[in-house]
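Paired with chain B in one complex and with chain C in the other, chain A is shared by the two complexes that follow.
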Partner chain A sequence: MYRYDQFDHKLVTERVNQFRGQVSRRMSGEMTEDEFKPLRLMNGVYLQLHAYMLRVAVPYGTLSSVQMHKLADIATKYDKGYGHFTTRQNLQYNWPALEDLPKILDELAEVEMHAIQTSGNCIRNVTADQYAGAAADEIDDPRIWSEIIRQWSTFHPEFTFLPRKFKFAVTGCSNDRAAIRVHDIGIELVRGKDGDVAFDIHVGGGQGRTPMIAKLIGEAISREDLLAYLEATLRVYNMSGRRDHLYKSRIKILVHDIGAEEMKRLVEEEFALVKKQGVLQLPQEEVDRIRAYFAAPDFETLDAECPELDAAMASNKRFAAWVNTNTAQHKQAGYTIANISLKPIGGVAGDASDAQMHVVADVAEKYSFSEIRVTHEQNLVLAHVKKSDLLALWETLEANGMGTPNLGLITDQIVCPGLDYCALANARSIPIGQEITERFADLDRQHNIGELKLKISGCINACGHHHVGHIGILGVDKKGTEYYQVTLGGSADEITSVGKIVGRAFTEHEIVDAIETIVEVYLDLRESPDERFLDAYRRVGIAPFKEKLYADN
Partner chain B sequence: MPIIKKGEWVSDEWISVDDETDLPVEGDVLVSLTRYQENAAALTARAGKLGVRLEASEPPEAIADVVGSFDLITVDFPAFKDGRGYSYARLLRERFGYTGELRAVGNVLRDQLSLMWRCGFDAFHVNQSITPEVFAESIGELSIAYQPTGVTKDTVMNARHK
Partner chain C sequence: MAQHSNKLAKIQAVTANRLLDGHVVYFTAEGQWSDWVDDVVLADGKEEADALLAKALPSVETRHIVDPYLFEVDQEDGKMVPKSVREKIRMAGPTIRLDLGKQAAVRS
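Take a look at the complex of A and B:
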């Protein structure tokens, strides 16, 4: 993975010192809270319902074992012994004290980590496909390009006070595991005319109260032009994006208001001028330098088949279920990609205790070249595991509450922190998610239902990605009572769609039954067990679900 | 309000004239973009120096071809969170080739100085708490940049591939 050189080190160290100064000027009263707020936010410090929250950047979701041990230690020392992995592939601490923050940032800097670009109206931490460098289907490793974008966007002086926050996601192939079409800019690596890696730039996607699917604005942009094209897009947005209304300030609103064609025209006009200046060309030698950090690890030459794995699966049903759901095809024979579920039945989606983080760091060291990925669906990945090591890995995970065989199933939910933590929330998300996992705890039942992405947000800001859940749940407040609105048919993959509201909202006592009814309707009408919930929904539409849900009305 | 230019206090000799007031016979005048556009010939023909005020809603393309007419361009930041002026500064410096004084005015705070500096501002209308020492400290906090912007051409990338 990428290692800082002297320049990256220097910048992060200087940044920590800068923030230390800002904290002390705030504490002395020299700075008002209003002036301090955007500065603390740019260093990842939020104020939640009950306490400050620190969001630590995990660039494109990649962590080393050493870094994971450090995250665990910080959770022990400065928090309540756990951390929360987020849909932005970051880690949040929910209970740090303000005066400890510079110390925490110092500790993070020791392992080349920081909280830069995790908040504020700047270019946020870049996210990417969690199977980068391991997936059989990728055109190129998205981490290389994400790192290049990370450096270009870090402390960019022109784009630190954009109209609103700005999120990038990068996928290395047409199978989109990074939800690129619901990001401000989503980048898909493609092959250009010359056969080299090129970039399709999708602009103006997003969730929140106005969900939008990004439009393809830049097609097959070349390596050399990538940064110039991004700078041009950001400049058009910085100068033309709305600033009069918080909810209308994202780039998706600009693209929607002026239209994709006009956006493309503006960006291309600006791009031609940026390119003419020439200073922002991306030289091949810099790409090569960064690419070297992401070279494939030293794989052993192995058979594709692994009889010991087959035997273990035959004798252990739960393990077999885990292999079937939680592993994915690796490009190297004899290896596999292992997903660690952070969604135990009755647990809090994305939470990991300090002890669990240490375990993950250890198994990564033992079985996967000391490297870990965080996924936008709030799980972890060991990208390069030998098939012959899978049983030993799973046994360790299982013994520590992380062996649940539910990846992509109904209990593998994205859940926002909701009213349990968040100052913006209208309703609780976590307990609803927990109840649903308990209702569907039976593993055979979950596997029979098959792939079903359920996503829960506690307010319209949609941090729980409910718009793109096959089943989405949105918490709303009606005169002081929490209600839950259900959407169906959303998806965040290469065929992105925004879910449709099924009807009137449900109370907290009704919502779990409603979800069960939806699942039963699906099971009744699917053409075969191979027809996924989403496919069935797309075939039959919302009517049969609506009919059954509101039959008594 | 004092002005810091290139790191030092300077006194403001400019006469800022609003759109309803007659121009003084002598002296360097600073006018709005509207007034400049309505009276460009007369303003350029005057004896003193000429400056123009850009509001946050006035992109600098309007003066792209005539930046050489000005010795001062001020860019207003109505609120520190309104970042349009950063783009304006880069366009003026890097694209339109403006070499005169580029002054940030409005809600100009200590922690934005280095960003403004890196985009090409060389003068700042600041409050009393920002002394030249504070200014130097602020713009020195980050000693190297990833991006080539404004005056920063010594980027990390250039240093790496020397």
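Take a look at the complex of A and C:
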């Protein structure tokens, strides 16, 4: 795993001390709320409905067992015994007191964690494919490149005060598991002409009020040019923002307004300048230095086949279902990637109790080289588990409410905090998600429905990715009452699409039935069980769903 | 956006979050801040409401609270009931964790 170098240590320590001073000046009255608010936001502290919220960064979603234990301890000591894993691969605490925040940040720093780059108009925590370093289909480990981007961008003088926040995502292969096309810059690792790793740079994606799909601007950019190309892209954005205030918003608006061609031209122009200066050339030695942090663990030489596993699957239906849905192919024979679902039926998507966090830390230590990943779909991953250990792992998870075999199914939802916590919300998200999981609790039914990504946001900020849900649900407010608008056909993978609104919004009491109707329409019209919801939708369009949903009006 | 103040509101009260822990508080007749919505002082009509909010504002200076604002209240059986879902949730706690927030604490 990546270890802090001295420079990082100093930075984080200084930052915590600075924040301690700011909190104490705020409490003593030397600082007003208006002065304090931007400072607390820079340190990941929000004010929600019931309390403060602290957002802890998990760079490219990788955590060690020691870090996970620490997150659990903080939840016990300073919060209410749980944390919330988010789509930004962060962890949020919902109840910390202001005066405890510096202490929490101190404790985080002990395990090389922090809350920097989790809010504010800066380059945010870089997110990456959760199967990094393990996936059979990856070209290279995306974390290496995420880390290089993180080092280059953190506290970069030009990028501390961007017009708006800025999000990067990196995926290691053409199967996009990091939703790169809905990020400000999404990077896909590809093979360059010489067979080396190169980078496709997608620019201008995003969700929120105006969802946009990123455009491919840079194709197969070489290793040594990567940072120069990114710098050029950010400069174009930054300068356009400053020049006329017109683009004082997200890069997606800029790309949309001037078009991909013009954006490409501007970036290439700037790129030529940055390149001439030469300082941003990324040397192979630097890449090697970072790569060493992500060196593959000491895999054993094993057979690809594992008769014990086959036998266990044959005798335990639920375990077999879990292996089928929640594991993915590993590049190393005899190993597999195990997904830990944080979506139990009736549970709060992404929430984990302190006890569960300790359990995950322990099983990671025992079965997966002490390493844990957080996914943007609000689940956890143990990336390197021996097939022969899967049963023991699953039994522990199952005993602790984390063995649900539902990855990628209708009950594996992305759900934002919504009006139960969030000060910006229009409507609640979590209880709608819970009711849907209860309606579809039957595993055979879920498996029969197959892959179906349902995503819920409590307002148009789209933290719950509803725009790119196969089924998306958006909470809206009509005169103090909650309503839910449904979109269909969104997707955040290699063929990204933004969902279409199906019709008038539903009440809290209608929404779950409406979802069930949509699913029934799909089951009726699919050509075969292999035709996924999204494929069927793309074939038939929105009309059949609309007809059935609004048949009575 | 969230349902903050509503200009046509009849009966309103003032709420805020406490600086130290961020918890929800309500402005009382004594000019204090209470954890409980039943302690709110009511304002009838826009003028009274504006005056009430003005009276609450110094608490920002004294670092007691942040972000005070008006919200609409009904009275049912002598109980104060905020009109919007948002304020009902602020008053009680997350609807999906009845063990947390004010709803979990018994008023002493």
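Convention: the second predicted complex is superposed on the first by the 546 of 553 C-alpha atoms of A that agree within 3 Å, B and C clash if a C-alpha of one lies under 4 Å from a C-alpha of the other, contacts with A are read in each partner's own complex, and residues count from 1 in each chain.
By definition in this document, contacts are C-beta pairs under 8 Å (C-beta built on N, C-alpha and C of every residue); 3 or more make two chains touch, one makes a residue touch a chain.
Just so you know, these numbers come straight off a predicted model, no measurement behind them.
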Superposition on chain A - do chain B and chain C clash or fit: fit
Which of chain B and chain C A:Leu11 touches, first, second, both or neither: first
Touching partner for A:Thr154 - first (chain B), second (chain C), both, neither: first
Chain B versus chain C as contact partner of A:Lys548, first or second or both or neither: neither
Partner chain in contact with A:Thr481 - chain B first, chain C second, else both or neither: second
Touching partner for A:Ala51 - first (chain B), second (chain C), both, neither: second
Chain A-centred angle between chain C and chain B, computed on Cα centres after superposition, in steps of 10 °: 80
Touched partner set for A:Lys275, first chain B, second chain C, both or neither: neither
Overlay on shared chain A, then closest C-alpha pair between chain B and chain C (Å): 20
Common interface residues of chain A - those touching chain B in one complex and chain C in the other: none
Contact set on chain A toward chain C in their complex: 26-27, 29, 33, 47-52, 80, 95, 97-99, 348, 419-421, 423-428, 430-431, 434, 459, 477, 480-482
Chain B-facing residues of chain A, complex: 5, 7-8, 10-11, 14-15, 17-18, 21-22, 30, 35, 38-39, 121, 151-152, 154-163, 235, 238-239, 243, 273, 277, 279-280, 283, 285-286, 289
Touching residues (chain side chain B, partner chain A) in the complex: 59, 80-84, 86-88, 90, 94-95, 109, 111-112, 114-116, 118-119, 129, 141-150, 153, 156-157, 159-161
For the chain C and chain A complex, residues of the former touching the latter: 1-3, 17, 19-24, 60, 62-63, 66-67, 83-86, 89-90, 93-97, 100-101
